Each structure stands twice: as structure tokens, then as C-alpha cells.
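Structures incoming, each one as C-alpha cells.
The two complexes that follow have chain A in common; it is paired with chain B in the first and with chain C in the second.
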Partner chain A sequence: MQPPAEHVHWLFATGFLLLGLLLLAEAIVGREVWRLRPWRAYLWPSLFFALGVLMWPVMVFFTNSTIHMLAHSSWAQVMMLAGAAELGLISGKLRNELWRLAVPLAFAVSGAAFLIHEANPWLYSRSAFVHHVCGWTLLVGALFPLGAAFKPRSLVFNTGYALVIVAVAITLYASRDVAPVFGHLSPSAGVAHR
Partner chain B sequence: MKRLGAVMVVLLAFPATASAHATLEQTSPKIGQRLAASPRVVRLEFDQSVRALSNAIQVFDARGRLVSGAPHTLAGDSRVVVVPVYRLGRGGYTVRWATISNDSHVGRGVFTFGVRAAAPPISDAYGATGPGTSEHVVRWLYFLCLALLTGGLGFRLLVLRGPVAPDVERRFYRVTGIGVVAALQVGTIAFLLRAEDALQLPFTAFLYGDLSPFASSTRFGKAFVAMELGFAFVAALLFLAWLTGRRLLLWPAFLLSLGLGSGLSLSSHQSDDRGWLPSFADWVHLSAATLWIGGLLSLAFVVWNDRELRRRAFWRFSEIAGPLVALVVAAGVYMTFKRLPALDDLWSVGYGKLLLVKLGLVCLALSWGAFHHFVVRPRLDRPAVAGFLTRSLAGEASVAVAILLLAAILVDSKPPEKQPAPPQAAALASRR
Partner chain C sequence: MTQYATELSRIRFRSARALTVLALGPLTMLGGVVWAFVQPWRVTLLHPHGQGFWWLVVEPPLLVSAAGLVFALLAPTIVRDLEDARGP
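Let's look at the complex of A and B:
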């Protein structure tokens, strides 16, 4: 028994919203203040890593097409990689600063996966629109963590990085087929069946 | 700009179809169902409206004859596609379907059912050719990943045990990390290859092929689900052990990866009509082999530049290598007797010939191991021996890796069938 796909989207949207808000808080108050309590430094990378681990069940249980399975697999891996790299850097296990590029890489790969697995133009349907918005937001938004990797104290880059994730969360919340509040309105989707 | 903004607001505010393309929700007959009588129609129900192509549903018998008519969507509910079928005789049938969903994606899939007979596995659907060279190579890579991961973890926990120098620890995490990440990738490729063979679609169409019947109703699909989830969890445990320096976390990772090895036995072609004991023997065989080979690889590549540690590790590994090899041989001999009904099968059928080559390589590896145990071990303190040992261990590991390749081909092959007893002998046996 699988939950509807949009419920899974909303769960991940909640995770991303939390992730974005944590990053935004750190960007606003500054790294030194944020890390006055050392455990706070581990918060958002742990959440990123956990979201990656949680994406694996989505990958193996939502197999209604090969390309969706591969897209979910790539998201799972890059999220785990990005979270793991940040955790390694914070704990001092990793010393090479190039590991900071794992986050922009994750953004770029995720964005590309969104765009590649969507075959239709922007305004073809709601799902096409959501995929294009997420894809381009992540692809263009990769510039923010990329900038933050080289200028870690930049307010613009850090805030932009956080807002990109918040934007993805909002877009994922908009992904719905049968919403209990709005009902099943699309005539092309046939009779309501859930 | 304002117009685009307005379109965005409207699109995000009102719900429409969000799922990317139509998902098959129900079929009649059910996937893998055994029917008592011929169905009149085959019916597919999707989660959204679809357009039926001229080949929307095609039903084939075991010899590839088309036994269905013209498909059409149901009047009043365009989520349902129906095709009439001829009166079907006893046997297995393959259903291939292709529909266009609202977002213009063409979804395709395959499933099987049986009439007064068991449904064939989806991997044996009409048109599937069975495992080929690429599947053998992928399965071999899977064995190698297991050796790196499970063998590496076993080596760290059972042979090295306590704290070790940071560079040795780093090499251990690199070896096992490569093993677990590669296991996740290779597992996905193995699943896709098996599904692609049954779906029989060109690459671009395969990208939109429905894999859910494979994941939910075949043994290799269930093994894929369990192993991907399990290895993702092992990867997380391994990472946390590295991050926090807690070796205790390696134990659940080791035990889990050891258990996950059974997925390879359960997903093999030859496990169709086996009970729990042969499957257990298969798992013991595979687990002992991965611990042995992974240990050899770790000896060669993890502790190679720490002379004192390598000496200690070599002594300890040789203590557990004996029981591991005994387990490999005992389980292997048992499975040989189970799978080969007659001795001459060893040289008269392809499966037996492959087994003979594998046995030859096993003998070579055992002799090499015995040479290490009885000749090299007592002379470990000599500088000349220390220099030669890494190359010799890499040589033994190479033979073991070649054995894994043959094991991969054997796992994908079907052993010879047992010949039924002649009627007279059977009658005599029943009278007794």
C-alpha cells in the first residue's frame, strides 16, 4: 500500500522548508552567533543527510517508470553526499575546502534530474510546470552555494542558498493531484478515485 | 512579466494532475494470477485518463501468438482500457501494454497470468531472452562489492579488532565505502537489466517503462527493494561510524550486509524450486566466500604498508581463513549434489562444465592459501618474505575474483533438470 505521490512530495517539502529555515536563521544571525552552541552547526547538514537516506524508500517503492526511479536515486545520493561532506567539514574529519562544492554539485545534479525527467514544456500541465520550476530554481540557485563555498561569510550567498531551498519546498507543496482542501478539479484527470 | 506571474499564481493555486504520467493501479486478471477458466477480457485501470494506442494491450500465449482483439477505453471512464481475448487454453500468457497519459508520456509495461496453470515469472514473459553477458558481468561486480564491503567490515571487526593507525583506518573506510556505494549502483543496474529483458523496449521507451510489477511481484524485484534499502542504511551506518569514530556502529553494518547477501541467492534464476536448506547453503557459501576474498583484499590493500600490523593481521586472518574455506567447500559440495542429479552431468552439460572450471580455480586458490599458511606464515619475519607477500596476496585474491565471475554465471544459469523415473520403475516404487 503506497501513499499518493503528492503526500510524499509534501513530506519532503516539509523537510526542505525546515532545512531552508535553519539555513536562513544561520545566514541572518551570522555563523559565529549560530554556532555559539556547537550542536547547531550539525543541524542542517544532518537534516540534509537524513533527507537523502529517506529518499531511498521513495526510489524503490515508486517504480512506475524507469526515469522516475533513476531521478529519485540521484536525489538520494546527492543529498547524502552534500550532508555528509558538510558534516565531515564541521567535525574536522575532512580538511579540504573543496568538499564545500558538494552542495552546489547536489543542486546542479538535482536540477538537471528534474529537467531531464520532464519531457513536456513549461505550461503543458501542472506537473510539467512544477518540474521546470524546481529544475531551473536548483540549477540557477546552485550559484548561491557555489559562491558561499568561496565566500562563506557572504550574506547574499548564504541567504540566497537558504531561499532557494525554501522556494523548492513551496513548489513541492504545490504538487498535488487530489487535495482535500481544493478537491479534484481537473477534468482531464477523470473521475476522482482516491 | 505580469502575465507570467499571473499564470504562476493560477497554476500553483489550483490543483490539476500532479503525477507525471499515468500509473497502472489495477489489472484483471491480476499480475501473476492463476485463473480457473479463460477470461473474456483483459482490463487495465490507471490513476488518470489515458488514450489507448492500437497496441494498447496485446496478449500473447507461450508460443508468441497474439490472442487478443482491438483494445479500447471504457465508455464513461477513460482511466480503464479493455481488450477482448479469444478463448484461452491451459498455459501461461503475457500481457504487453502501452498507453498515452494526459501529459503525452507513453507508458509501457508487461505482466503475466496463467489459465489452469501457474503464471510464468515476469522475467520469463514471452519475448524475454534471459540473462546475458552484461547480467553476468553485473552480478560479478555485485559479488565484488559484497567482498569489499562485507569482507572489509569482517576484516576490521574480526581480524584488526582494536584501534589502528589513522591511515589504516582511512584506507579501511575507503575500501568499504567504495563497496557500499558501488553495491547501490550495481544493484540498480542489475534490476534494470532484468526488467529491460522482460519489457523488450528500446532505450527511450524503456525510460517510461513501468517497473512496478517487477519490484512488487518478482523475487529479484523484492530482493532489489530489500538490498537497496539495506545498503543505503549500511552506507549511513558506515558514515556515522567514520564521523563519530564509534566502531560499535560497524557491527550492525556488518551483520546487515552479511544478511543482505542472501538477496543474491533468492534472486537467482536457479532458486525457482528450492527449499530453505539449499537457499541457506547458498547464503553460507556466498557469505564465507565474500569474507574470505574481502579479507584477502584487505590484507593486500588496507594493511600493506604497516609491517607490524600486517604481520599480526596475517596471523589472525589465517586462523579464520581455514574455517571460512571449510564452510565454502562444505556448502559448495552440498549444492553440487543437490543441483547435479548425475555425476556425468559434470562433463556432459554446460552447467557442470562451468562448475568443473570453478572447482579447478578453487583448488588453485586453496593451494595458494595453503602455501601462505604453511610456508609463508612461519617465515613472516624475514624481510624478503615481507616484500613478496603483498604481491602474493594480490595474486591469490585475483584467482578468487575469477572464481566470483564463474559463480556469477552459475547463479544466472539453470542446473540440469532431474529426469523423471521411467514408468515401470515408478510403478514398482509405488507398489513397494
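Let's look at the complex of A and C:
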């Protein structure tokens, strides 16, 4: 009953797509309007936290290598930390604005984990390409939530933050277990299927 | 005030921000539909015979449309709050 890895990527892509849409809407209407309804303020941090929690089964069941397990568990931890920090700030239980740095930290750790646990070069297969693209998108894209942590009302930083997550979602949807990328597929990757 | 002017004053012009928020959900759903046409084999409901459980449950174009639908359900409240905050 364990899903193929590509299906797990697509499920997480859906979570990230919804997260990106919510963040984009908040960036467009502004934080004050977004928080007019208390339940809405908790929406995307809860989703962020839930995605972190859901990463734990991935860590447990997809044990291709030690580095895979370390990457998945570090993702789980930083996503839960980022979601929890935002939840704490919204509820007023956390007061120090520096907790906002948990999100860029999550981006940077996730980006690094993507790159470190992908042992193959860019054009080895579609999956390798997707991991490299996601890794660099998150590493460079961490600048947007970093900027938003210091300038919370910046349209550019907040929109960029949301669009980085949407870009990662789109890239994850392109993931396949064994498929060529731009016509390249290493013979050692296996036989491509549909 | 003439009848024409009265009717015009009743029309609420939505801001670009409100229109953008309202468009995000339908555009995302449209993306899923276009994807389904471009790669119909990704929608296994169209040819379910012989498909495994996960291939039937996880169908990316439908998931994209579902994410758009969820957001589209939230968008009217967001726009209402935006317009209320902006005032008449």
C-alpha cells in the first residue's frame, strides 16, 4: 500500500500549491485585512505545520538511504518549526519578531536538504532535475521570507515568498520516478514508464 | 439624480486587488483542466481499468483543480473583508 515516490511528490505539491495561494492572497490584500477573521490568520501556518507533520511518514517509509532519512526528518522539523513559530506569533504566545526567521530557515534547510540528498547530476533523470531545481529555488528564494521577516508589509517580499512556494509546487508536479528530462535519461536510472 | 445615475452609483467597482484574489482560484482550476487535456493519461478516472490504488487516488490535474476550488471558496470572504476595510 506504500505509494510510489512520485505520488508522494504530487501530494506534497498540492499542499504547497494551496499554501502558495493562501500566502499570495495575504500578500495582495495585506496582513491587516487577512487577519480580520481570526480563523484565517491561522490557516496557512497550520497548513505549513501539517505539511511538516506529514513529512514524518515519508521519513519513516522512504528509507532509500541514510541521507534520505536525514533530509526528510530535517524537512519535517523545520517546516513544523516555521508553522509553529507563525502560530505562536499570531496567538500572541510568542512576542519576539525574530521568530519570523523560522520561515527563511525552513527554506534554506529544505533547499540544502534537496541538494544534499540528490546524489545524481542535473540531467541524470527527471527526478534528479526536479530535486536540483527545488533545492536552488528554495535556497535563493529564502531571501524573500528573510526580507519579509524584516519588512512584513513589503508587497515584493511577501509576493516573492508566495511565488517561490508556488514554483516549488509546480516543479514537484513534474517529478517522475524514472523519466527523461530534456531527452536525457541515464541508463543506470532504469527503464522509463508512462 | 437620474435613474441611470442612480443605477451607476449602485455598481461597486472592484479594485484590482479584489479581482486578482477572485481570479486566483478559477485560474488555478483552469490550469488543472488544461493540464488534463494536455496529458489525459494523468487523469486515470478516464481509463480506470487496471490502475492501482494510488494511480486512481492521486491524479495531479484533479489535485490542481481541487486546490483552486478550495481557494475559490475562501476568496469571496477575503474580498468582502478587503472591500469593507477600504470603505464605501
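Note that in this section the second predicted complex is superposed on the first by the 176 of 194 C-alpha atoms of A that agree within 3 Å, B and C clash if a C-alpha of one lies under 4 Å from a C-alpha of the other, contacts with A are read in each partner's own complex, and residues count from 1 in each chain.
Please note the rule applied: a contact is a pair of C-beta atoms (placed from the backbone, for glycine too) under 8 Å apart; a residue touches a chain by one contact, two chains touch by 3 or more.
All values derive from a computational prediction rather than experimental measurement.
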Given the touch rule stated above, what does A:115 touch, chain B (first), chain C (second), both, or neither? neither
Note to self: According to the stated criteria, A:101 is in contact with first (chain B), second (chain C), both, or neither; which is it?
What the structure shows: neither
- [ ] Tell me which partner A:56 touches in the superposition: chain B (first), chain C (second), both or neither.
- [x] first
Exercise. Counting only touches as set out at the top, which of chain B and chain C does A:24 meet: first, second, both, neither?
Worked result: second
Using the touch definition from the top, say if A:64 reaches chain B (first), chain C (second), both or neither. first
- Message: A:139 in the overlay: touching chain B, chain C, both, or neither? Say first, second, both or neither.
- Response: neither
Does the superposition put A:129 against chain B (first), chain C (second), both, or neither? first
Looking at A:33, would you say it contacts chain B, chain C, both, or neither? Reply first, second, both or neither.
second
### Task
With the two complexes superposed on chain A, say which partner A:167 touches: chain B (first), chain C (second), both, or neither.
neither
Residues on chain A touched by both chain B and chain C none
Contacts from chain B onto chain A in the complex sit at residues 7-8, 11-12, 14-21, 23-24, 47-49, 77-79, 102-105, 107, 184, 188, 192, 195, 206-212, 214-215, 224-225, 228-229, 232-233, 235-236, 239, 242-243
Per the touch rule, the chain A residues reaching chain B in their complex are 5-6, 9, 49, 53, 56-57, 59-61, 63-70, 73, 76-77, 80, 84, 87-88, 91, 93, 117-120, 123-131, 133, 171, 174-179, 182-186, 188-191, 193
Counting only contacts in the complex, chain A reaches chain C at residues 1, 3-4, 7, 10-11, 13-14, 17-18, 21-22, 24-25, 28-29, 32-34, 36-37, 40, 43, 173, 194
Touching chain A in the complex, chain C uses residues 17, 20-21, 24-25, 28, 41, 53-55, 58, 60, 63-64, 66-68, 70-71, 74-75, 77-78, 81-82, 84-85
